[in-house]
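In the two complexes below, chain A is the common chain; its partner is chain B in one and chain C in the other.
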Partner chain A sequence: MLTRTIALLLAPLVAATVLPAPVTAQSGPLRITISEGVIEPLPFAVPGFQAETAGAEQIAADITRVVAQDLSGTGLFREIPASSFISTPASFASPVAYPDWRAINAQALITGAVAVNGDQLTVKFRLYDVFTGAELGEGLQFAGTTGGWRRMGHKVADAVYSRITGESGYFDSRVVFVSESGPKDNRARRLGIMDYDGENRQFLTDSNSLVLAPRFSPNGDRVLYTSYESGFPRINLLDVASVGRRQITTVEGEMAFSPRFSKDGGAVIYSVSTGGNTDIYRTELGSGAHSRLTSAPSIETSPSLSPDGSQIVFESDRSGTQQLYVMPASGGEPRRISFGEGRYGSPVWSPRGDLIAFTKQNAGRFHIGVMRTDGSEERLLTSSFLDESPTWAPNGRVLMFTRETQGASGGPQIYSVDISGRNLKQVPTGGFASDPSWGPLQQ
Partner chain B sequence: MNKYLTASILVGALALSACTRPDRFGGGAGAGADGMGAGAGMGAGFDQSAIGQGGLGAGNPNSPEYFAQSIGDRVLFAVDQSTLSSEAMATLDGQAQWLMTNTDYLAVIEGHADEQGTREYNVALGARRANAAREYLISRGVPASRLRTISYGKERPVATCSDPSCYAQNRRAVTVIAAGALS
Partner chain C sequence: MSTGGYISGIGHAGLLIWLVMGWGFDSEPLDFEVAPVSVVSGEEYAALVAATSPQPQTELPPAPETPVVEETPPAPETPVETPAEAPPPPPAPEAPAEETPPPPAPEPLPEPPAEMAEEIAPPPPPPAAAPAPTEVPEIAERPVPRPAPRVAPEAVAPPPPDAQVADVVREAATPEAESAEVAEIEEEATAPEEATTEIVTEAEEPASAPETPPAPQVAALAPPSAPRPPSRPARAAPQPEPAPETPAQTQTAASENVTPEPEPAPSTDTSDAVADALAAALASTPAPSAPAAAANPGPPMTGAEQDAFRVAVQQCWNVDVGSEAARVTLTVAFDLDPQGRVQGDVRRISGAGGSDGAIEAAFQAARRAILRCERDGYVLPADKYEQWKEVEMTFDPSGMRMR
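For the complex of A and B:
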């Protein structure tokens, strides 16, 4: 019944090897510290990667574009156009003409080369700190297949981003989401998966039944989501590679929804509604053992585990309105952390552990915000008619979320914003899309 | 997969015969809840002679169409609330009476929310609204075994504008009658 299968572009894993360094690796002053709030993006130059085999010219050019777009897309870097270049390297091994790059104020220079042999693709790159005149880190080489060429570009960009910011990257990652089509009062929904930049979109389910709020497993191999396939809301587990799926046997109740993976991927934390009351439960995927984590007559839902797995943040209306609470992962007395005006929902714990992102509804507007895990230092990053369901980039520096426009012709789109509130932009999804779940960096 | 899953489950539960009309549940999963109730009232392309109980229509007080149109298949709620208004209770009184008279029908009570809320909270809120209607019907004598609940949260609006007049219509619990085994 699945209408499409997912092409396994990446079956042969991308392998990275360190290139012999022509100069000793050295940390120069080329560095962006993200927490300081970058206003002026760092200018970089990326001359077209060299084609080292006949016929590799196009793929080399395409990979170069991916690297440039990844870096520029962060808002932290600015690409210097090739038309400004004074010279370009004759080959990957050529010495760098630092004065030519200094003259156009390129602070970082990325050079690369691409070789294709059959369906085998090799990409290598070096990163130079132009103003100190030294290579930053060692050259790296990635090997994979031609079908995975975009991933090779993302790998290069992740390495560059990581060396300059000191943070891990997030470009070689995927997002599951709900693809929506049709009029507002008759909308069809199906699960989709795409690269973080909206490329390589595929469907994971058909649109015969309502699906809600997918969540990636910690290593990205599976997806949990709420499905109305049985006629009532139940939790499905889907294998990304085979797109096979099965319904999870939850505790009994009229409705089961809001599923999340445990940190080891071996259990599901979710909500069940019975008799109008919604509480949070945990079910082990292996043994099927259940445990109840909340027991209150109010609504308890949208759980999210801390990265160390010790705590759960969730939403509850036990105070009379939707607010955020933190409790031990095994259940126990919750502590309220949201105290600002309005209602707070869909909390998500940052993979870095330092922040909780949430949806805030106040005075007729919706916001995506972040706060420290004790509820302090609340900052609202966005504001619109309807923003909701944030999800973290694997490095905890960027959020994606759903933004819905109003009216009968309105609909949802996926946006991203960094945690300083800058670089707000729409992620291309080829139509209405909602409820993104950002997966881990791929191996 | 059967598009008319809700109907299928009820059919299975009652071992109903072929006279059951699964399209009672609207235009399929896509149309979903919106088509329910409202669809019966408006005709929505239904061939009323096909109902199975032998030509029952909106004029027949024992027909599901009559239930939806004349008794009223839905009750509305205030913002973020699940308490029943006196008007809602009056509607549910009528529903209970009809269900007690027409004992071969089951009902699925659908809870819905307006779009002014987060998705999962609204599923829980819809569950609360559906349950409020169900509990009331039980208190009026309808056997609990004939009543199921489901929440669609904010995913199945009947009114699509983004202002209070539409939100009011969407904050609802709709009692959807499932055809019974009378043949």
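For the complex of A and C:
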């Protein structure tokens, strides 16, 4: 009896001192924190788009390939080969057999249909999240002409990319670049334009004069570039549709180069070299009014505006070595943001506004890298004999740049790399090419 | 001629006479050693060398001879002593003893060691150079992971070329000819997909990294990480009364959970009294705003059990590190049935760190991870179902962004 009494007295104490923590800790739902994951391409399946009209089979197959190549080309997705499919939808409206797609580990399923009437083309698609067993977004349809079938494919891929990643795509975009041909010591250079994937290449200028550093306008209708047509570097403005061009009125009698559009496309910021001193200027395209943004006795060049138009990042050797600086868009005291070893140049502000891409030369190697806008979290993405001239994809996710190879037979080529440093690959340009400038998504 | 001229002439003449006669000089010769020299023929010298060379070879290799090498350079004494008779010294005495010029003396007993020392001098350096591997830094540089399409918490070696990618490692199985009566299923070998532990950019790759590194290198580069937690044993047989009970039944179940061992038959043992009292105390502890069913959730889940659950989900959580969604920390909730399968929808509880689109993309990725890896149900302790039937899972990619 005494023992039982003692036990009864001590039991609450034991319960309060020994067991309370677990009991109270798990009285609610089990709480788990996941901080480690995997980084791998997301497997997707895209059965051939249905041809809903006679004669549309080939174009349906071609569009399907464009969609698959766009997504796979990002490095973020992996196409499951058709030979692995257990079943395929009988029609665009057929219900989806999710177990069949789960069995082959497809996480996303894209179905589509194509109709051709004369030269009118209609493409529609649906995207399914296989493991949730639900459609991701709603079905979408695009209409255009048969001549623009590649763009239709790009638009479908952009929509799929956007729904899965939550970001806009970059497939329906173009790149302006300098096409180079001829011997290394006497290269002919002319402006070219192509789809982001190297397709539909066309030339915008002839090869009679040296052209450098083309830059797309914010809406992609015009191109700024540096021309040596007069023997001195001058800034030209070219209309992409008409291929008409005119020279920009810059500061009198001096060398002007390295131009970029302002955020609204109504002004140009560029560099002017005067008596060994190079500074950054701004010219309004409408009025031709100039303003000087820097006035240091050093070389300031390669200006690039932030997406909101409030700041400019540029390179300068005012500290003795070539480094990156940020200043207000109207000029003012610059703030140095690069402090690593080596020389930094060609800064370009990301369309997202969160990163700045740059070229870095250190220990005999060239790198393309990215850093936060305050200079932190610098990360080098590439390394080669010569990498330069980075340009951002319209969604700020991918960089294109020029990579030049060594030797008598070497020359410049255009490459692209994901900002994570993955998926480094060459962009087909049909020959030597340099100075890419990635335009916006087409309207 | 002047007087001065006479005096000068007499003085110079006297000086000349004094120099010729040597008056006043010590004519004793300087001390110097004289060595007897004789000329030997080539045949005689060869015979002499043949007779003497084996001896020094067996004696000199021992290590103590090494210092002799450093004292050897001042040895030009030999040519100084016999400049006339001796032939010019060999310009580069690299050749074996047979090719060296004959020694200057016929009985140069003390000299052969010096000569042999010159010839044997080259061997000593190798012993000094041999220990070169000890100059390897004591602390090896941090290994750079190999680039691989997949980045995962644990590195995985490339699968064999003929193996299919799968979650488990399986050897290839082919039906044997002699057992044709028994139908055997032909299975292809499988292995997990190759993975590395972090993104390796071109700038981080070692310049000489081979395209397909051999397997031993893979092992060497593998990070020292703990092995994957062992899978739990097969789920226990369903309890007779796993379903929600009345509060009274729950209390009984709780008391059973606290003392999992089967209770012996009724007795008046003291331990029973303590157990009963403890159970009563637990039962009387007020549950913080929980329904009656959760008032007695049973034994808590151990850290290992929670880790196993976490690992099961994280291996399906695909993070797009370059996206805005990789900056979103998201919490979702879902319910599990007793078999560990998700019941109903995965619900978003909170999300922060990005735009609405980024949060939605992060939510979809989290939901895909939970649903994709459940397969036949997450392996969780059945006797603790009350602990895990409701789950709140937070996905925090902050550690993934800079991998």
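We adopt the following convention: the second predicted complex is superposed on the first by the 404 of 443 C-alpha atoms of A that agree within 3 Å, B and C clash if a C-alpha of one lies under 4 Å from a C-alpha of the other, contacts with A are read in each partner's own complex, and residues count from 1 in each chain.
Criterion: contacts are C-beta pairs under 8 Å (C-beta built on N, C-alpha and C of every residue); 3 or more make two chains touch, one makes a residue touch a chain.
Since we're looking at a predicted model, the values are computed, not measured.
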Which of chain B and chain C A:Gly410 touches, first, second, both or neither: first
Partner chain in contact with A:Arg292 - chain B first, chain C second, else both or neither: neither
Which superposed partner A:Lys425 touches (first chain B, second chain C, both, neither): neither
Partner chain(s) touched by A:Ala188 [first = chain B, second = chain C, both, neither]: first
Partner chain(s) touched by A:Met255 [first = chain B, second = chain C, both, neither]: first
Touched partner set for A:Arg31, first chain B, second chain C, both or neither: second
Chain B/chain C common contact set on chain A: none
Residue ranges of chain C in contact with chain A within the complex: 149-153, 193, 195, 199-205, 270, 273-274, 277-278, 280-282, 285, 287-288, 290, 294, 297, 299-301, 306, 309-310, 313-325, 333, 354-355, 357-362, 364, 366-369, 371-372, 387-388, 390-400, 402-403
Chain B-touching residues of chain A, taken from the complex the two chains share: 1, 182-189, 207-210, 212-213, 226, 228-233, 254-255, 257-258, 271, 273, 275-278, 299, 301-302, 315, 317, 321-322, 343, 345-346, 359, 361, 385-386, 388-389, 404, 406-408, 410, 435
List of chain A residues in touch with chain C within their complex: 3-4, 7-8, 10-12, 14-15, 19-20, 22-42, 76, 107, 129, 131-132, 136, 164-167, 352, 367, 369, 377, 379-384, 397, 417-422, 424
Contacting residues of chain B [partner chain A, same complex]: 1, 3, 5-6, 8-9, 27, 29-32, 34, 80, 82, 115-121, 123-125, 127-132, 135, 148-153, 155-162
